[in-house]
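Report on one structure; see the data block that follows.
Letters are used for the chains, namely A, B, C and D, taken in the order the chains are written, and counting of residues starts over at 1 for each.
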Amino acid sequence: MQQRLPIAVCFIAGALMFLQYFSPHPVARAVFVTINDYWQIIFAFTLLVGIAAFVRTNLRQISRGKEAPYRLIGLAGLVLMPVLAVFGGIKIESPFQWAFENMLAPMQATVFSLLAFFVASASFRGFRARNAQAVILLAAALVVLIGRVPITEMISDTFPKITFWVQNYPSMAARRGILIGIGLGSMTTALRVILGIERTYLRGE
Amino acid sequence: MDIGLIIAGVLTLAIYTFLYKDNPIYKAAESLLIGLSIGYALVIYWQTTLVDRLLTPLFARGELLMIIPLVLGLLMFTRFSNRLSWLSRIPIALMIGAGAGVAIPAMLYARTLKQISASVMPLMDGGGFNVEALVVIVGLLSTLAYFYFSREHKGAMGITAKIGTYFLMIFFGATFGYTVMSRMSTFIGRIDFLLTDFLRILA
Amino acid sequence: MNRLKTRWIIFGGLFLIVTLSYLTNIRFKSVASPEIQKSYDYLDSLPEGSVIMVSFDHEASSLPEIQPLALVVLRHAFKNNLKIIGVSLFAEGTAIGYRLLSQTAREYDKTYGVDYVFLGFKPQQISAILGMGESIAHVFPEDYLGTPTDEIPIMMNIVNYDQIEMVISIADGALAVHWIEYVGGQYHQNIMTALTAAMITTYDPYLASGQLYSVIGGLKGAAEYENLLGQPGGGNRGMLAQTSAHVYVIVLIVIGNILYFRGRKNGKA
Amino acid sequence: MVLHAGPVQATAPGAGNSWFDPATLPTLVLSIIAIAVVLYTIRMVRSGKSFTIREIPGLKAVEEAVGRATEMGSPILYTPGWGGDIQRPTTIASMNILSSVAEKTAQYDCRLIYPTHDPVIMAVAQEVVKEGYAKAGHLDRYRADDVFYISSSQFGYAAAVDGFISRTKPASVFLLGTFEAESLILAETANSIGAIQIAGTDSTIQLAFFIVACDYTLIGEELFAASGYLSRNRMILSSVRAQDILKILIGLFIVIAVIWATFDPASTWWSF
């Protein structure tokens, strides 16, 4: 029961979602919409479970005195957003949106922008011409980098042309090879899951 | 000066201190970021999913069938019990199964069929030899050979796979080069915020 | 420790170079690429009063790159007296979309509800955009500010995509693909995108097949468009910084290799 | 933060009342062929045949990475990236690799830290790691708190894992799963503290960053093959074999279509 019921649910959901793909019939559409709706709702609940686990771990560590100030900041942030939403709504110019625009969004954008620095340090370190492959990697990167600097375009249109060619033929061909491989690997994994052979999610106990 | 801008500026700088090394200021900003982002997700999902798609249909419109996802969702909470936690596998199984079911045709269509058709081009074009078509075919087939796992890469297979790795390297190098631009833009955007809005050096 | 010091030098260099070049504010006279020209010409050719839909399909973190892109589109539309319906497929794009739209509207003295409207965000992107193919008011019974959609002047004559000339998706991810595949595919709607530079290659196949009308890509695309509009802005301002950052990365790669070969010569490769 | 789109179907639902959409015929045919091939190889395994796969450079590194962490007395950090959810095939492949890594860390008594952005992945990973420890006979060494959920927000997750890497200074970092822009942030931070990075993903753009920044990278499909190799799971190995058979068929199809196209450019039977 503990194994069979989930496997049966998995199989039925999988088979239905597979079959509906090929059908424009209203019944098939309804199946898709229903399962998709359930999916979204269950996901929202798992988020609640995750948050509960997060709060539990943090409280436990605070009581042990481990990094208590930081843990408290985290929990305060977590509580702040719902409180603002409850008291001021979530529409434009609400305190909730204010907190989003002035606290959360700038921090997210800044973490994202760290990438600029890491791109620089990785370039310095990762493009050394150690062997034939590394030379090709280096050459392709340089061609595109140079071809995409606005100044190069003003000097000559050869580089942008080479860049275009590299991207659209050799590079595109390899990308397709990777995509086909991933597509096949994903497909076989998905099939094992539906057939109940792959039971990673049933592990434990 | 607008208090919001000051907060945003200070938080921006706090994150940047990480580039020097991990430190209490970054750690505090990081904790705040994690907390706020979880709180934000909670509010958004609560409103757009739980209220709009579950609670309103169920209680305001009386769609009794919505009890099913409600129960499935609540089963996730059995994870906190040792005895009943197996029940949470049912909703997980539904999610995994549904995802897998839709993945099979979607993966085969978008990642396989579409890619195959796009690669077929005549080798002779308007009387001349089509170099591009040849490059694409050789690139694709040799990359596929690289991803052939059942046999050791020796002999003809080895050479083909080796050519495949060269094509892969072209792709990786070009993609890296291409993405540098975008990554730099984000940083330039932050500098713009710091110089224009926060420090008001540029007006 | 050496590893960290090298990083600090690299990071510090980037910070300095970008900040300094941003401060100098030298403008480039970049020629518009055919792609940008095509986008510009299309919007320019629409008669006054035509309606376009602008969808803010991006997250807050990519705003730095998205903002100049969004602004050229919105400015061009308002300048030519086109009407704009704003929507968003990402929760995070909602507040930003509304802000950009109302900010640009103020520049051109446009009235909310008459010249433009912002309908807000709907989750379930696919069902939302397909639903609008039947009836926009059905998907968005009220606008972002809570006014019933059928009481808004601009929406009076608009039922679905049939009354809309072009959908422009401003995206930092794969969301615009939905517009192309579903709205372009099923409702034969013209689709244009304004994309972050990293996403351009993802859309190449759609551009090649004609499913996508045109792309305005990255800060560079925004800068070129700004020049066509005759209104240099964020795109242009960032161009020198962009160029120097680019050159900086190239220089780093070269130095990295010089050090590597010198190290190898000295026998410690 | 991304609102979850959920499963997405590739064909536009039509308004028609027929049960079958002819536009999906090629996909259906390929699906049937693919399923048949997979079932065939599964049958072969059931009747006692075993498949082997070629060496993958990144795989030996897994063993090394665990050994190195043990020697240094430092933990191992394993994270599946922000881009995937539990039903994503890459995530499942990553779980299979996690299972063998957990077994090894249990044997050597090396701490294994697993932060994730997805509560369901957290739940499953806890079970997988626990089972790995049980298999190695060291259930007492398992720490549930080391497999934990942090923010579903992309850069909240990135900032947190970054902080974790700089503070716990793991000897080895495994970045296996679906990654987006956070890939390079994590890889470079791991490098800055001198950790070995072993990466693998199905996101093509991020592969480029991993290749440049990481010590070992499993490229796309290699991730699936690796999960079979490490877990010695015969069913996964049979799937790898099935993928290879399909690759041959695809290769043949392309060659024939190209030759056909060369002599008959007007024909389009190969476009779907």
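Note that a contact is a pair of C-beta atoms (placed from the backbone, for glycine too) under 8 Å apart; a residue touches a chain by one contact, two chains touch by 3 or more.
A quick note: this is a predicted structure, and the numbers were derived from the prediction, not measured.
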{"item": "More contacts between chains, A-B or C-D", "value": "A-B"}
{"item": "Whole-Å gap separating subunit C and subunit D, where each centre is the average of the chain's CA atoms", "value": "32"}
{"item": "Subunit A and subunit B: spacing of chain centres that average the CA atoms, whole Å", "value": "3"}
{"item": "Gap in Å, rounded to a whole number, between the CA centres of subunit C and subunit B", "value": "19"}
{"item": "For subunit A paired with subunit D, centre-to-centre distance based on mean C-alpha positions, whole Å", "value": "13"}
{"item": "Contacts with 2+ other chains: residues of subunit B", "value": "15, 18-19, 21, 27, 29-30, 33-34, 36-38, 40-41, 44-45, 48-49, 79, 92, 95-108, 110, 112, 114, 116, 118-119, 137, 140, 144, 147, 168-169, 171-173, 175-176, 178-181, 183-184, 186-187, 189-190, 193"}
{"item": "Residue numbers of subunit D (touch at least two other chains)", "value": "1, 3, 6-11, 13-14, 24, 27-28, 31, 34-35, 86-89, 120, 123-124, 150, 152-156, 159, 181, 191-192, 204-205, 207, 209, 211-212, 219-221, 225, 240, 243, 247, 250"}
{"item": "For subunit C, residues that touch 2 or more chains besides their own", "value": "4, 7, 11, 14, 18, 59, 61-64, 91-92, 123-124, 198, 201, 220, 242, 245-246, 249"}
{"item": "Pairwise touch network: line, ring, star, complete, or other", "value": "complete"}
{"item": "Sites on subunit A touched by subunit B in the complex", "value": "2, 5-7, 9-18, 21-22, 35-49, 51-52, 54, 69-71, 73-82, 85, 90, 96, 98-117, 119, 123, 132-134, 136-145, 148, 163, 165-184, 186-187, 189-191, 193-194, 201-202, 205"}
{"item": "In the complex with subunit D, residue positions of subunit C that touch it", "value": "3-4, 7, 59, 61, 90-92, 123-126, 130, 173, 178, 181-182, 185-186, 198, 201"}
{"item": "Sites on subunit B touched by subunit C in the complex", "value": "19-21, 44, 48-49, 52, 114, 118, 175, 178-193, 195, 201-202"}
{"item": "Interface residues, subunit D side, partner subunit A - complex", "value": "4, 6-7, 9-11, 13-21, 24, 27-28, 31, 34-35, 38, 42, 86-90, 92-93, 95-96, 99, 118-120, 122-124, 126-128, 130-131, 145, 148-150, 152-156, 158-159, 181, 184-185, 187-189, 191-192, 202, 204, 207, 209, 211-213, 219-221, 223-225, 235-236, 239-240, 242-243, 246-247, 250"}
{"item": "Interface residues, subunit B side, partner subunit A - complex", "value": "4-5, 7-9, 11-12, 15-16, 18-19, 27-47, 49-50, 53-54, 68-70, 72-74, 76-77, 79-80, 85-86, 89-108, 110-112, 115-116, 118-119, 132, 135-140, 142-144, 146-147, 164-181, 183-184, 186-187, 189-190, 193"}
